[in-house]
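In the two complexes below, subunit A is the common chain; its partner is subunit B in one and subunit C in the other.
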Partner chain A sequence: MIRLLLSLLLVGMTALLLAFLQSTTPSYAVLTGPIETSGPQKDTVSSKTFSVKVAKLLRAKTIAFTSYGKPVERQTEGAWLIVSVELQSKYDTMTIQAAAIEGASGRSYRQTHRADGAPRLLSSKDLQPGLPTTGIFIFELPEDETSNMALVLSRQPSPQLDSEIRVKLDGETVETRDRVEIGNNGV
Partner chain B sequence: MASRRERRLWLASLLSLPFLLAGYYAINAWRNAEDYIKRNELRVSDNVGGQTYAKASWTLNQARVIGDGRDGKIAFPGQMRLVVVRLAARAEDDIGQSWAQCSLTLTDPIGRRWQPLNFILSKDLSRDLDPKATPIDSCDTISRQPPAKSANTLIEEKFVVPADAISSLSAQLSFASTRPEAISFPLRLN
Partner chain C sequence: MNQSAISKANKALYTRIIAGIGGLLAGALSLGLSIYETRTGTEVAQVPPGKPVDAGQWMVILNSGSVATETPDGRHLPDGKKALTLDLTLENMTAESSNLYRDTLKLENLANPPAPQFYLVRDNDLLWDLQPMMPEKVKVVWQLPATQTLPKVLNVAIVGTTYKPKDNLYAAPGWFNPNDVARVGLPLSVGQGANP
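Showing the complex of A and B:
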């Protein structure tokens, strides 16, 4: 009888120990997730591989640009957010393929494809080490998300063991216009 | 009741588990390390005249800096400069697949590395720089149609680099068949 009780106790303790180990072991996604660097909008936020400085934030209902010689105008029910930044790669030629705005609700909004072909889009530019590159990211998001935002940048979506920069955007610096013209010299 | 032999086998199996697990991790780690070594240029040596690398002998044919107004009239804004690197190769043997996954990059002593411009931009720039000349193929293009044994060929790549790095740049060449070994050509540009 005692032997049976001892066996049951041993099995119970082993199960508890395993449950503890399982609950405290970080998941694979966490272990191999992004290496995050955060900073405020007023600073140049620097990771191990690249840095970013937000220059200007614009919110508008209409954006206009010329794509392959044809004038394009896009309207939205929500808001267009145009983020003008300066990026710099530190060691390697790279592109910033993933840019997103984390809105007030915590939802993440990737760059819009409705503005593909607009001038100065950074997703199509190579960053060369030692050469600062300026350009814009364009997002389309609900109006109420723009009250509290963060810009999240990385070399590719869902980076693994690679740099991700999160810039906390200052809502008071967002300039609001009805219509924004995007030209070769920016906005 | 299990026999003595069965109990001994059970114990031996249990004791072998940690070794099997360790062996599994070691084999995986070895494969990952091999993969890392094959992808990266870990041993870089200066190119010596007459040395054979990837079944060919290599020389730096030309290195130009464009954008500061000295070579041609083109001036690029700020620190931006265009560096054109041309390598000459003589096939010492049948090249076959030896030039697959060619990598020609520029490096500087502080560990920065510049990748060449893409194919379309490179061809456009070649036409802008010399409209009459036939553009020279890039490393990647040549690697698909390498020269025959004893034949010569030229490879050209273009890079956008900052002006302050120009004087210390080296071109670094490697292939899938030669990595982790790479050869380096100091450009000695001023």
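Showing the complex of A and C:
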């Protein structure tokens, strides 16, 4: 009788221990997730593979640019956010394919395809190691998301065991214009 | 000695029989449950055009349907084709930019429709990502043979998905289990020159 009770107790304890171990094991998605570096807007934020310095933030209702010799104008219900940055790769030639703004609500706004073909877009530029590259990212997001934002950059979308840089953006420094012409010499 | 060997064999036989009965019971129960679920499955709601439908990832409002001779970006169709065009409003209800809207609409009373093309009305151009919380007017175009007869009222099923904070494989969040959440009967207005 005692032996039976003891073995039942032992089985129960083992079950509890295993449940504890299982619930505290980090998931595969967490284990293989991005390696994150974060920093404020005024600093150059560096990860192992690249670094970023935010130069300027611009908010507009309308953006205009010339794409393949054709003038293009894009309007939005929300706001266009143009982030001008300087990127530098550390070891190898790379591109920054994934750029997103995390808005005040925590939602993630990927760089827009509606401005594809605009000059100076960083998604179409190669970063050569040691050579600082300047350019812009363009985002479209609701107006009230722009009060508190972070810029999230990585080589690929949803990086796995690769660097991801998160730059906390200062809402005070956003310059607001009605219309922005994106030219070859900056905004 | 002999006696105990026989009783052992009997015991093993009993265990097998009981395990077999258990297996059969489990099978029968699962079959019965699935039959029951199929029989009492909820009817897909019939929704009038212009009413918002929550499809999990997307808030869909189907406004109207028509047959056109050119695509919304102003290009002419290839010869012998017509463009079945639906007007809708799509809003991304998820927490990130997404272009996973292609499986949201299903034409029910049209045999083997080709893959549709999505256009953003604001730009008169192809639609890429839709940003969260920013509803946009969208046109969806199926290019069909000009000779194909179309029903007067097009039945469109809206396919919804369910959010799972942890999927079974990677324990990552995602949208799963697509199933029909609503059905809309869209009267097709025939644009000019649609039947050459």
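Going forward, the second predicted complex is superposed on the first by the 187 of 187 C-alpha atoms of A that agree within 3 Å, B and C clash if a C-alpha of one lies under 4 Å from a C-alpha of the other, contacts with A are read in each partner's own complex, and residues count from 1 in each chain.
Throughout what follows, a contact is a pair of C-beta atoms (placed from the backbone, for glycine too) under 8 Å apart; a residue touches a chain by one contact, two chains touch by 3 or more.
These numbers come from a predicted model, not from an experiment.
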Exercise for review: Identify the partner contact of A:L141: answer first if only subunit B is touched, second if only subunit C is, both if each is, neither if none is.
Suggested key: second
Exercise for review: Check the contacts made with subunit A and report whether subunit B or subunit C touches more of its residues.
Suggested key: C
Exercise for review: May I ask you to decide whether A:D92 touches subunit B, subunit C, both, or neither, giving the answer as first, second, both or neither?
Suggested key: first
Review point. When the two structures are overlaid on chain A, which partner does A:G106 contact: first (subunit B), second (subunit C), both, or neither?
Key: second
Practice item. Based on the superposed arrangement, let me know which partner A:L131 touches: subunit B (first), subunit C (second), both, or neither? Key: first
Check your understanding: Does subunit B (first) or subunit C (second) touch A:G78, or do both, or does neither?
Key -> second
Practice item. Please indicate which partner A:A29 is in contact with in the superposed arrangement: first for subunit B, second for subunit C, both, or neither. Key: second
Check your understanding: Does subunit B (first) or subunit C (second) touch A:F50, or do both, or does neither?
Key -> neither
Check your understanding: Contact residues on subunit A for subunit B in the complex?
Key -> 90-93, 126, 128-131
Study note, to complete from the structure: Interface with subunit A, subunit B side, in the complex: residues 78-80, 111-115, 117, 160-162, 164-165
Exercise for review: Enumerate the contact residues on subunit C facing subunit A in the complex.
Suggested key: 95-97, 120, 122-123, 125, 128-129, 131-136, 166, 169-172
**Study point:** List of subunit A residues in touch with subunit C within their complex
**Key:** 27-30, 74-78, 100, 105-110, 112-114, 140-142, 145
